[in-house]
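You will see subunit A twice below: alongside subunit B first, and alongside subunit C after that.
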Partner chain A sequence: MLGQLTGLNLNPLLAAIKLTPKDKIVSVKEVGIADSNFIITHLIKKIFQNNEKLCFVTFHNTLNHYQIVGKKLGYDLTGKVTSGDAVILDMLKLIEENILNEDYGFVENTGAFIENLFRDIEQKTEVLANSKSNQEHTYLVIDDLSHLLDLGISIEFIIRFITWCCNLKDDSISVIVNNHVSTYEANGDLLPKDIILSNSLSYISDLDIQVSPLKTGRSNEVSGIITLARPGEETTELHYKAYDRGIKTFNPGESLMNLLK
Partner chain B sequence: MYGTYAKTMLKYFIAEGVVCKHSIFLASQDSSPHEVIREIPAVIHFDPDSSFDFAEPKVSDSKMKIAFRYENLPTHDNEDKHINLGHFYDLTKPMPLADIENTDIYYWNGCRVENGVSAFSNPAYNDLLRQIKTKIKEDRFFLKDNPSKKSILRIAVHSLGSPLWLPMKNSLHSVDSSKDLDMFIFCMRALVRSALAVAVITIPSHLYHENALERCIHSSDISIRLQSFAGTELETNKALSEYHGFFQLIKLAPINSFASKHPGSIEYVFKLRRKKFVIDKLHLPPDFEDDSDRKKKKLSLLDVMGQVGSY
Partner chain C sequence: MLNTYLQTSPPTKFILIQDCLQEKAHPILNLLKNHHHKLNHDLSYFIFEGNYLKINATLSSQNIKCHNFTSPSSIEALEKDLRTKLKPNSVIILDSLVHLIYLYGLKGTYEMLNNFMKEIKDGQQIIGILHTDLLENCDKVSQCMEHLSSLSIMLDPLVSRVYYTYKKVGGRVFKQIEEYRIEGGQFVTEALKKPDVHKLVQDKINEISPELLTTFKIGLTDTEKESRDSLVLPYLPKDKDATTVEGGEIFYKFDEVDDWDEEDPDDDLDI
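Moving on, here comes the complex of A and B:
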């Protein structure tokens, strides 16, 4: 069964998401203790499957993680980097390298940090755009944007950064942004920053994917809930179960059928 | 409360490092790191008071008359297999000084922190990060160094975010803000993920707003909450009287995989015994007391009904 899940054309998760080049902005919201990393890795599979280009900005996991998970899904990320189909901006590495630097680039001047990051992205996507044929599409994937809040960058700068990314010169660029929100309630009139960021992303997105834990706690049969929403369309809700090598999706209530099999 | 249980777990983590001859980076502002290291437990070669038999579950000899379907089923879950991982320790005996002296241990107590310009409102966070990175760099623990001897650096940080880590006087951040903590844990993630190192950080979470540590949990790979029963209504709960608190595995991130190894809905409890720190699965006892209560209530209800009937 899982063999089918990782197959090239029969992936049920990708079939449910139905990513098209028309989806210019895709927001992936990770709620609480749920882990939405599999959505990003599956979307990358789809990008490579369609022979499209990828600019990948990583804040949350190491390249080694993405490489191992990518291999399980049937693509070779480092191979794609070597062949010029993908470029990676490893932000975890950049932060680690900055720790002993006297000027601490990212914390002294958060505005300059954001501008430098965008300039890097702009330059990399231009290189990708120059190397592709006319029909190919480029995807900018950011995993995950909310870590910019941890670095002390203000919400205004982050929203400005996303606006720049969404208005990159090349029209054939789509942006996929992963972001994490906590499950806590708003305290008084002020919304927590991660929720403001996530709401802003959902508002501008063409496809809004949310991965959340079960409302009733934990289960051995269901890992969590995926909600897919497009403006003007009905929201789809799916349950999923994560296995070591793949993801199984089913409609709410159908997991009992899997138990009986 | 007071971080006693978290400190005990941290001592186990350090003691295991000493026994396995790993390098150790020990940081603490609340109590002197030299004192903490003197309190780490000594290794012993058997479980001091093992109450579990980890052999194959025995099949009960007694015949079941009614629930005969369950007769040959094992009494424990199959997942309950004992894994020989790590060593046993005796909390009543301190680790011999000779063993400690033979281990590479770096102590950080926050005494030499310089008040430089940094993004953290308390410069101690900045200094600790730098010292950890210097240690990793000098001892060649970075993955890019491709070290010939495969050893790891154990980073133990005791009571991070306690009142001694609060923002400085002229800082713009409020006292209960976890901004420094969020940035520190994220930078630690970047540092530890690029090296052969593992960090265990204890945080006195009861000093913060209930949800203030959500970002720290997101930036960590494993998050454990020790919820003590002391001072709560659970303290007098008879079903939990044997234990000292809940051991909640909040997060177990799926690394290099899609699925987390989280055990699901199982609840764990812990107890600090004289010689060891015990973590057990929570099994609620049968509800005998309620049953007798219910009978009493039923009887009194019959009395009332009888009285009503007699009128």
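Moving on, here comes the complex of A and C:
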């Protein structure tokens, strides 16, 4: 059964998402304890299978993690970097190096940090753009944007950064941004920053993917809910079950039937 | 009515639309765009959020000129651009004010808009979109922007109501609440109706009617009631004029003390 999940056309998750180059901005939101990382890794799989280019900015996991998950899903991330089809901005490593060198500029001058990050992205995407043929599309994947808040960067800078990333020089670039929001109640009259960040992405996205846990609690048959929304179209809600080597999706209420197949 | 204030002549100088993710400003914007197109007004769309090329491609087909403010520029450059685009019978749409505030601060944005408002003449209009769910302290920003606006509109999708404040040139201020709905992509509002007390009571009675609580039929229709009333039971005395039937006949004599139960056995069902 799981063998079927590896094929691109048969992959139920990618078939449900239906990502096209026309989707210029894709927002992937994880709510509460849900983990939307599998959406990012599956979308990377689709990018490589379509022979498209990738600029990957990692804040959430180490490069080694993405390599292991990629191997399980059937692609070689470091191999793609070597062949020039992908570039990686390993922010975790960069921040670690800064801390080791006692360079705390990234927390003291957050404005400069975000500008430098954008310049790096701009430069890397230009390199990718120069190496590709006319037909190829480039994807900028950021996993995940909410960690900029953890670094103490103000919401003003982050929203500015999103706008810049959505308007890179090369118009054949699509942006896929992961972000997470907590389910805690708002603190008094102030709206939490993670919600603002997530809302700002939802306003501009051509495809809004939300991964949330079941409202009723835990279940052995269903891992959570995926909600897919496109402006002007009806929202699709799917249940999913996460396996080691793939994800199975089904309509709400069909989980038992799928497990019996 | 809100539609009247949206389509006044000369146009309202500054319309502030406060929207949220659940109900975006697009239906109101479409209404305004159609109105200005009919009057051959020039529409300029200042884009501060999203992908400029994609928005430009959509709006250019609607004969709207787009201006890119997604890349870094100073507030002085923006103010200069606004002035050059402000011609007679022109309309400027700022999408969105939150991004402007995040770029130049609330004070800077307020001062810039305030200076700009002083130069606006009859026939010119500014439309600002304020995403209320992108602000930490929405009330403060909202109050500042409402102070500048001539018509401030706030959408509440939870109850399908639109709250608006219209400031007349003479100084009179109208605050209204109306119901809204989107009909075929069109934004339609109507005054709140005062509920009819009798109808509410009747609705409440109908709500607790046993008819609605069961899966089978309890009550009778008017035809069935008529049919029941016209039925004469065989043991009851018939009319004298009725033709007598040959053969045996049942004579029923009521007791002196009546044993007839006049109470409706189903009275407790409250039908």
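Here, the second predicted complex is superposed on the first by the 253 of 261 C-alpha atoms of A that agree within 3 Å, B and C clash if a C-alpha of one lies under 4 Å from a C-alpha of the other, contacts with A are read in each partner's own complex, and residues count from 1 in each chain.
Everything below uses one rule, namely that a contact is a pair of C-beta atoms (placed from the backbone, for glycine too) under 8 Å apart; a residue touches a chain by one contact, two chains touch by 3 or more.
Just so it is clear, the structure is predicted and the values come from calculations on it, not from any experiment.
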item	value
First, second, both or neither for A:159, with subunit B first and subunit C second	second
Touching partner for A:58 - first (subunit B), second (subunit C), both, neither	neither
Subunit B versus subunit C as contact partner of A:150, first or second or both or neither	first
Touched partner set for A:196, first subunit B, second subunit C, both or neither	second
In the superposition, subunit B vs subunit C on subunit A residues touched	B
Which of subunit B and subunit C A:245 touches, first, second, both or neither	first
Touched partner set for A:100, first subunit B, second subunit C, both or neither	first
Partner subunit A, residues of subunit B touching it in the complex	117-119, 129-130, 133-134, 137, 179, 182-183, 185-187, 189-191, 193-194, 209-211, 214-215, 217-219, 250-251, 253-260, 262, 264-265
Residue ranges of subunit A in contact with subunit B within the complex	33, 35, 37-38, 41, 61-62, 64-65, 68-69, 72, 92-93, 95-96, 99-100, 104, 106-108, 146-147, 149-152, 180, 182-184, 187, 194, 217-220, 223, 242-247
Residues on subunit C engaged by subunit A in the complex (per definition of touch)	21, 24, 48-54, 68, 70-72, 96, 99, 102-103, 131, 133-139
Complex contact set, residues of subunit A against subunit C	24-25, 155-156, 159-160, 163-164, 166-167, 171, 189-191, 193, 195-196, 199-200, 202-204, 206
